[in-house]
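Scrolling down, you'll hit the structures one after another.
Both of the next two complexes hold chain A, though its partner changes from chain B to chain C.
After this line comes the complex of A and B, so read on.
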């Protein structure tokens, strides 16, 4: 059994930020990351962020990842790459799989920052090769410079659907249509307008009925929906394409917390099953904290702030009080309030109330 | 198929790497994951569904879905989307992933 002080599961925006404040407080930190690089999904975000200066607004996600890594790389942080946490147990023991070997780690404190996974959509032949998660296509083209195909149909008009559509066009792919089941576009109008100017049809009240193709996708059949989300017969239409991107939301990666039997609850506004947490970001399991998308789907900006708070708190409860604890705590909570204010933050505010997070 | 021109990203020239997929010689580049190189080489079918033997493609790219698991240098169930390509790798799709006894 390997013993560690603080294990951070996940090296994305939340995990890296959590590691930063915990390190500053004097804790010994290990970051365990499944991929071959730190940065999480920031690594494929070529667009500039909104929000305030403190969360790197007007900076591209790929550059934010570099900043977050540079902030911890001169510390004595231990980074395990290509390492997957496959088990989390009530007594703060983790099973880690790396290099074809399993190892057990016992940690004084654990911060779960596992992020989210893409939701899927039920329709006939939805498993045909050529049907991808929108995020997968973003990884493929923005990290590896590989294109999924020549002609794409995007399903879902949230910010990911809108942004990935735009990035597909930037990379030289034709976006034949963007299909949205709701009557309104889900994401920000500024992203939708960019697509409209480029001539991409945005079809609201429309869903994919089925995909067709022999061994790979060759097209989709779409259909109009009425106000009760029922298909309107006679409105079927076909669009030829060699790729379909599914962008119908994200779900928190709750599996490790569920496995350890942390108290969980299903909150639609937060994207699915999330842990109950105290205002110190501690789950129902003592010394197990959670931050970022695993506690509710939001933006990377809030994941970074949440991470910093979780790092502060995990350190404090382990006896390591950050030299600027009080100032930081106040500032970070203030930043979160600002990020979540206004009509765009209503859904998340409503969801967070249901998990016990104090929110005014 | 690779991105040819991009307004934001620059993809530097990288060394070619040779590997085989189901016995066929393919070319990828330093820094590619195995899965990215396979997509670039036009591979659509990454695996087969367990029960109905339906073709499955690349899907999530970040190690969640398992659709791209393959045998790498004889070791089964390697996530090709999270494994960087190396010269001489032997990559094989798995036709017999699970046996179901109904």
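After this line comes the complex of A and C, so read on.
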């Protein structure tokens, strides 16, 4: 059995930020990342970020990943890439799969920063080749330089759907339409305006009824929805396309916490099953902390701040008090408060109250 | 409506423009209509002309007198929602953020698009294209078009 001080599961914005503050507090940290590079979803984000300077606003996501990695690379951190945590147990033991080998690690503290996975949409023929999740499109396009198709229909108008549509246009792909079942655009208006002025029709109260095509997607049938989300017959229409991109929300990657039998609860506003947590970001399992999208779907800016707090707390409870602990704790909580206090933060504020997080 | 199709109403657009007499000097037009947690326009302004305050969810307010039209905010805005506008000799000059390829070249005629992405019935002239380290891969394109399109022009489409 390998023994470690702090294991951070996931090298995305939350995990990297957690590692940073824990390292500064003097802990030895291992980051276990499933992918071949650190950065998580930031590696696919070619757009400039919102927020304030402390969350790297106006810096492109891909460059934020570089900054977060540079902040930890000369410290006492061990980075395991292409390594998947496949088991988490109650006694702080985790099993890791890397290079065709399993290993067991016992950690004094664990920070779960596994992020989220994409939701999918049920419709006829949704398994036709050419129908992708938005994350897959971003991975293909922004990491591997491969276009998903030439003419795309985007389903879902949250920030991811809006941003990926814009990235598709930047890559030279025609976005035939953006379809949204709700009566309003889900993401930021500025992102929607950016698409509309480039000629992308934004169809609210509309859903995809089915995809069609011979061996691959050749088009979708859309239909209008009434205020009770019922299809309005006679409003069917068809859009020809060679790709469909599904962006209908994210769910927290709760599986490891569920496996270790952390107390979980289903909170719609947070995207699904999430761990109960104390205001120190500790789950019901002693010395197991959680931060970022695994505790509720939000923007990467909040994930970074949450990560920093989780790192501070995990270190403190293990006897490593950050030299600027009090100042940092106050500043970070203030930052989170500001990020969440506007109308766009209403859903997350409401959700967090349900998991026991102190939120005024 | 902007929450249904991404297009602001003409009243909303006009509320972001100063009086035409003021536009003899270039001024920032900040088309930010929604309270979102974001403040780079304010921190990027070297003249303290864009105010948001401690609650970064507030909508930015422009101090027209302090704004010099320097364009720092154009490429700082992550929403690409700011342009700098001026009027001279019957023409409106727009500095817009642009992140598509190919980049236009000075002197070219391009189609002009409104906020729906529809072509306006006049072409615009590319006056300048600027891309600097500070702008971080967002180009600032200066275009001119007949003044009556002041409230309609939104971006450029394709080379004519």
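Here, the second predicted complex is superposed on the first by the 360 of 360 C-alpha atoms of A that agree within 3 Å, B and C clash if a C-alpha of one lies under 4 Å from a C-alpha of the other, contacts with A are read in each partner's own complex, and residues count from 1 in each chain.
By our rule, contacts are C-beta pairs under 8 Å (C-beta built on N, C-alpha and C of every residue); 3 or more make two chains touch, one makes a residue touch a chain.
Just so we're clear, the structure is a prediction, and the values are computed from it rather than from any experiment.
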Practice problem: Overlay done on chain A, so just call it for chain B and chain C: clash or fit. | Solution: fit
Quiz prompt | Which superposed partner A:170 touches (first chain B, second chain C, both, neither) | solution = both
Practice problem: Using the superposition on chain A described above, determine whether A:193 touches chain B (first), chain C (second), both, or neither. | Solution: second
Quiz item: So, A:60: does it touch chain B (first), chain C (second), both, or neither?
Solution: both
Quiz item: Touching A:215 in the superposition: chain B (first), chain C (second), both, neither?
Solution: first
Quiz item: Taking the superposition as given, does A:279 touch the first partner, chain B, the second, chain C, both, or neither?
Solution: neither
Practice problem: Considering only touches as defined above, state whether A:2 meets chain B (first), chain C (second), both or neither. | Solution: neither
Self-check item: Apex chain A: angle to the C-alpha centres of chain B and chain C, given in degrees as a multiple of 10
Solution: 100
Practice problem: Applying the touch criterion given at the start, work out whether A:128 contacts chain B, chain C, both or neither, answering first, second, both or neither. | Solution: first
Exercise. Would you sort A:202 into first (chain B), second (chain C), both or neither based on which partner it touches?
Key: second
Exercise. Using the superposition on chain A described above, determine whether A:34 touches chain B (first), chain C (second), both, or neither.
Key: first
Exercise. Could you tell me how near the closest CA atoms of chain B and chain C get once both structures are overlaid on the shared chain, in Å?
Key: 5
Practice problem: Kindly list the residues of chain A that each of chain B and chain C touches, one partner per complex. | Solution: 60, 170, 172
Quiz item: What residues on chain C touch chain A, complex-wise?
Solution: 2-8, 31-40, 43-44, 54-57, 76-81, 99-101, 113-118, 136-138, 154-155, 157
Exercise. In the complex, go through chain A and note every residue touching chain C.
Key: 47-53, 57-60, 169-170, 172, 183-185, 188-200, 202, 204, 301, 338-345
Quiz item: Okay, in this complex, where on chain A does chain B touch?
Solution: 34-36, 41, 46, 60, 82, 84, 100, 117-118, 127-133, 135-137, 139-150, 170-172, 215-216, 253
Quiz item: So in the complex, which bits of chain B are touching chain A?
Solution: 1-9, 11, 31-33, 36-37, 39-40, 44-46, 49, 54-65, 75, 81-84
